[in-house]
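Each of the next two complexes has chain A plus one more chain, namely chain B in the first and chain C in the second.
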Partner chain A sequence: MATSVLLACGLNEQKLPGFVHISEESNVDGSFLISCILGQRLRISNAGTLLVCLQHHYQHYFNAGMRLGYNTNIFQGKTLGVIDVLSDMAGEGLASKWLRQSEGQTLTDQLVEDIRAQVESNYASRNSYTVLIDNLSILFNLGASKLQVQQFCQDLAALAKERDNLTVITKLSNSDIYQLTDNNVAKLGQVRIQVLRLKSGVFREVDGKLLIERVLDEGNYACEETRKEVLYKVNDRNVKVFTPGEIGVKV
Partner chain B sequence: MLSNLLVTKQKVVLVIDELNRERIAPKFIGSLLHEQGQGAETIKALPTGVSLKHVATFEALITELSNHNNNNSTQAGEAGDLEGGGSPGSKSSGFNVILPTLADLLCYQSPAFIFGFLNRLRRSEYVRRVFLWASPQHLQHPHAAYILAGCEYLAELVLRLETDKLLSLISRKPGGGVTNRRFSCQVSKTQFQVTPLDGGLPAGVSPKQPSPEVEQNPQPASSTFKIELDEDEVVARNALTLPYERTSEPSEGNIIYTPDADDDFDEEDPDEDLCI
Partner chain C sequence: MTSFRKRTVQKPIRGTRTSPHTAQVITSSGNPYLDVVIGGGLPMGSICLIEEDRFMTHAKVLAKYFLAEGVLSKQEIFLGSLDDLPAEMLRCLPKPLTELETEVEQQEEQQAQGAGGTENGLRIAWRYNDLPLVNSEHATAKIGHHFNLMEQMDSMMLYYANTTMWDDNYKGILELFKSSSPTPSTLEQQPVEDAPPIPGEENTPLEKTQPQEENSANNNNNNNSSSVTSSTKTGSQESQSQVFHNARYGNLLNDIQHLLRDESFVAGTKKNLCRVCLTSLGSPLWYDEHFGEDLIKFLTLLMASVRNCNSVCLITMPMHLIAKYDASLVPKIRQLVDYAIELESFAGSERETHPAFKEYSGLLHLHKMSALNTLAVHMPDTTDLAFKLRRKKFVIEKFHLPPELQESTAKPDSCISGVLSNSNASASLDF
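And now, the complex of A and B:
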């Protein structure tokens, strides 16, 4: 269902890089990547996953998973942990801990604390562990500053460095105004996936473009890196990828 | 090699990177120092990431620098007593300090603190060189341009990596001379070769717009004057301390007076001989 897109991004392997960042340009939606990665991680036996829901609540990922051919409910509480910020807020209103800044702790501090707690309790019993955060730009809507978001990502990157086989995957909609934050988060990892719109406009058979940048080796004066471009189309039950030029207007 | 131009007597070195090489910044600077024979023991770097949140991290570096140097000078002093002479270069050598990138520093500390810390390092006698890396694409402070200009003001050597094949170097000498030179560069994973483009124009003169005099009066091929400097000569010139340049901390002026045998110096009235 989503193998081809993960293959194109190099995220189909059991062992993922420590930090992966997905940049989402204005006017495109890269949420399908999170659902694809989630499905792939859940299928690996004894691989732990923590899903931090900021843009959509858990039910959305369950529905998306069912369409892509996996059931998150089976894994929840076992290999899948969920921090559902939106549902907490909807259920508890202003009493929700995400909206109270207790003991001078900011929202991002609380989130790091919760993520760390989940990792501490589950990491040891799993072969690998993946933290998926969708989507960092929602933190701005919840009152976090750009610096706080940057510090939050630094904390996550430090967490990934502390442990082998721990991967942090973040997504940020830069909305054309958070480009600098986007750059600062991307530099923490080895892989950056940019979800871009088509420059030529809207096309029925292609939704957008993925630009995958991967640092292979950090030399003394320059990095050896690869850049790959693929076009994608999100269908109802799968995601298709094409190489640029593969499809066009048929007359 | 770039290291010939960057590892000189100038103390504060700022690298402005337009090419998004921030992730390899510490490695980049470390390699430059290695090429110039600066051993790992002379290099000190601040930890990056979350630890920059604490002021104690910065204080610890300052303390470490002074402690390490004191220990070295004590050992050198003891060795000197035994051998009958000290090592004059040991105290003046100092450390090469590699700071985290400006974007990382600004993530945890205020600009005032960063400037203050940079200034402390600049004035420290235990520090030989300070390296700071700044990538404009990563500076998200609202006053980023102003902060970068402040860092340029503090720096004695400003390297700007403009494109993959072009860089410029502004050098301020202690005597007040400023040079602005441009180089073409060839970068591989392990080497950074530079070639001067303009032969060292004075500051303020853009190499893209050569002055009309230069165009009208080209240097004759038969001239006996060699105006341009090659790389080795630039290094030699930068390494030379001119007599009027006081690079080390100023020592107090002393009057050395040796009284004559028949001098009758009266401490109560030192001006007795003036017959006032």
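And now, the complex of A and C:
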């Protein structure tokens, strides 16, 4: 279903790097990656996952998951925890806690607090724990400043460093607009996946390009890293990956 | 104990059906041609953005189709605008065609196409005769209706429509709002006195709609205690001023959320669908110092509300003006909607008189189609689309250039090149 794309990104292992960042260019939809990663984490026994819904509701991930062959409802409340910010805002309207700065706490402060609380209560009983955040640009939309978002990501990166087997995966849309924040957040982790559109236009057999950058060894003076580029196509029930040159225009 | 379970099929919401491709509940946009482009219709919980043409003629037509479809399907309608008079817009909705009229129209079209085909019968590439015509983008839709733009909808249909309108009624109370005095924030109905009456009719349909709305609002209030309602309203006003700099966004969002919280639109219950239509959102009338910030925040909260219940939303925005205000707002806005469709009209441009474009009124650009509640998004056969506003209907077709019958050594015009491709011609291929 989604094994090939996870294999290409190096995210198909049980133990993931501490911090992974997904950059999404404007006019490109990379939310399939979140669904793929979520499915992979849920399939591992006794692996905890926390999904922070900022771009889509939980229902979207449930439906996308059903297409990929897993049912999130089975795991919810057990190994899967959900912070559905969008549903809260829809239900409570403008009085929602995410829109108010209660006791001087900003939106990002409240979110970090909630994530920490979830990790504290679940981490001990799990072999590994993954926090998935989709997506950071909604924080900007809701009024968070660049500094606040940067601080939010640094807090999460610190959380991942504090604990073994804790992974934080963030996604940022419109990475070409929020370039500074995108680069700074990517620096916090070892793996960066860029979801890019095809510069040559729209092609029926390929949706876009994934550029995977992985830091292998960060020394004092030199940094060894690998870069891999693959093309992807999101189908109804799976995601296919091609190496550049594999697929071409059929005459 | 047996594992047998009686299969209970829930009745679908009026005017909706389940898409066989994505298994999503979809509803018609009102225009059958647009439905075909977006994969059968708008999925429930989606937001469709129509980027207005310069003279705002074509985007308004699509908005009217959207509203008219809601009236015919007996769905709840919310119409909000600062630039247009919502009551006037509702009054000018197109008249639906009967099944017989639709059939006759389709037969006439087929005959016209057939006649054209025999006259211009292909003698060299004759095998192409078997293929469907290039401009046969139209397909039969099981949901949705056909409308006649030349005639207006019957007033009795509007009489029974559940409509809620929002406009700049808050102009007068903005000052009060700033001083945080308690003001009612119930669903505002367009005052009937403002709307020009239809000649020859004493009681306009909208006048009759108002008591219905009031009744329903009263019914809702009856369920809750009045003291609680008033206290929450005051709280919401305070939070509005905290969230938005421009109080209009808060008022509009409050009204939409108030309507969408109705139990008939709760997700999962198949009772009714709400159509939210906002025209000319982000026009200069919305401008203030924090325009971009407020607009993006409003759209984020609107997205949260629309996705959380049985509703669909159509927004028209003057994106060319917004791009001039702040170019970075355009991708941010497109990210917050599920469909972003730009209408590029030829009116006022050199293409208007160009022979290659004489058949069309403009080009239709699909900027974004996102997968909502599914993994993959439906992609139309082609993204090179053009539209034409005929006398009776708004047609979307595959864009094609007329055949070049005369040999010429002249280079193709600059305005044609680049139209057929979304790509940058100088860029190298990615594969």
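Convention: the second predicted complex is superposed on the first by the 250 of 251 C-alpha atoms of A that agree within 3 Å, B and C clash if a C-alpha of one lies under 4 Å from a C-alpha of the other, contacts with A are read in each partner's own complex, and residues count from 1 in each chain.
As a working rule, a residue touches a chain if its C-beta (ideal position, glycine included) is under 8 Å from a C-beta of that chain, and two chains touch if they have at least 3 such contacts.
Predicted model, so just to flag it, every value in this text is computed and none were measured.
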- Is this a clash or a fit when chain B and chain C both end up on chain A? fit
- Task: May I ask you to name which of chain B and chain C touches more residues of chain A?
- Result: C
- Report for A:183: first if it touches chain B alone, second if chain C alone, otherwise both or neither. first
- Task: State whether A:59 touches chain B only (first), chain C only (second), both chains, or neither.
- Result: second
- Task: In degrees, to the nearest 10, note the angle that opens at the C-alpha centre of chain A toward the centres of chain B and chain C.
- Result: 120
- Message: Going by the contact rule set out at the top, does A:234 touch chain B (first), chain C (second), both, or neither?
- Response: second
- Where chain B and chain C come nearest after superposition, their Cα distance in Å: 16
- Message: Quick check on the complex: what are the chain B residues that touch chain A?
- Response: 20-24, 27-28, 30-31, 49-50, 53, 103-104, 107-108, 137-140, 187-192
- Query: Any idea which chain A residues touch chain C in the complex?
  - Reply: 26-27, 29, 31-32, 35, 56-57, 59-60, 63-64, 67-68, 86-87, 89-91, 93-95, 99-101, 137-138, 141-143, 173-174, 176-177, 198-204, 206, 209, 231, 234-237, 239, 242, 244-249
- Query: If you look only at chain A, which of its residues touch chain B in the complex?
  - Reply: 146-147, 150-151, 154-155, 157-158, 180-181, 183-184, 187, 215, 217-224
- chain A contact footprint on chain C (complex, rising order): 21-22, 232, 235-236, 239-240, 242-243, 250, 253-254, 257, 260, 267, 293, 296-297, 299-301, 303-305, 307-309, 328, 331-332, 334-336, 367-368, 370-377, 379, 383, 421-424, 427-431
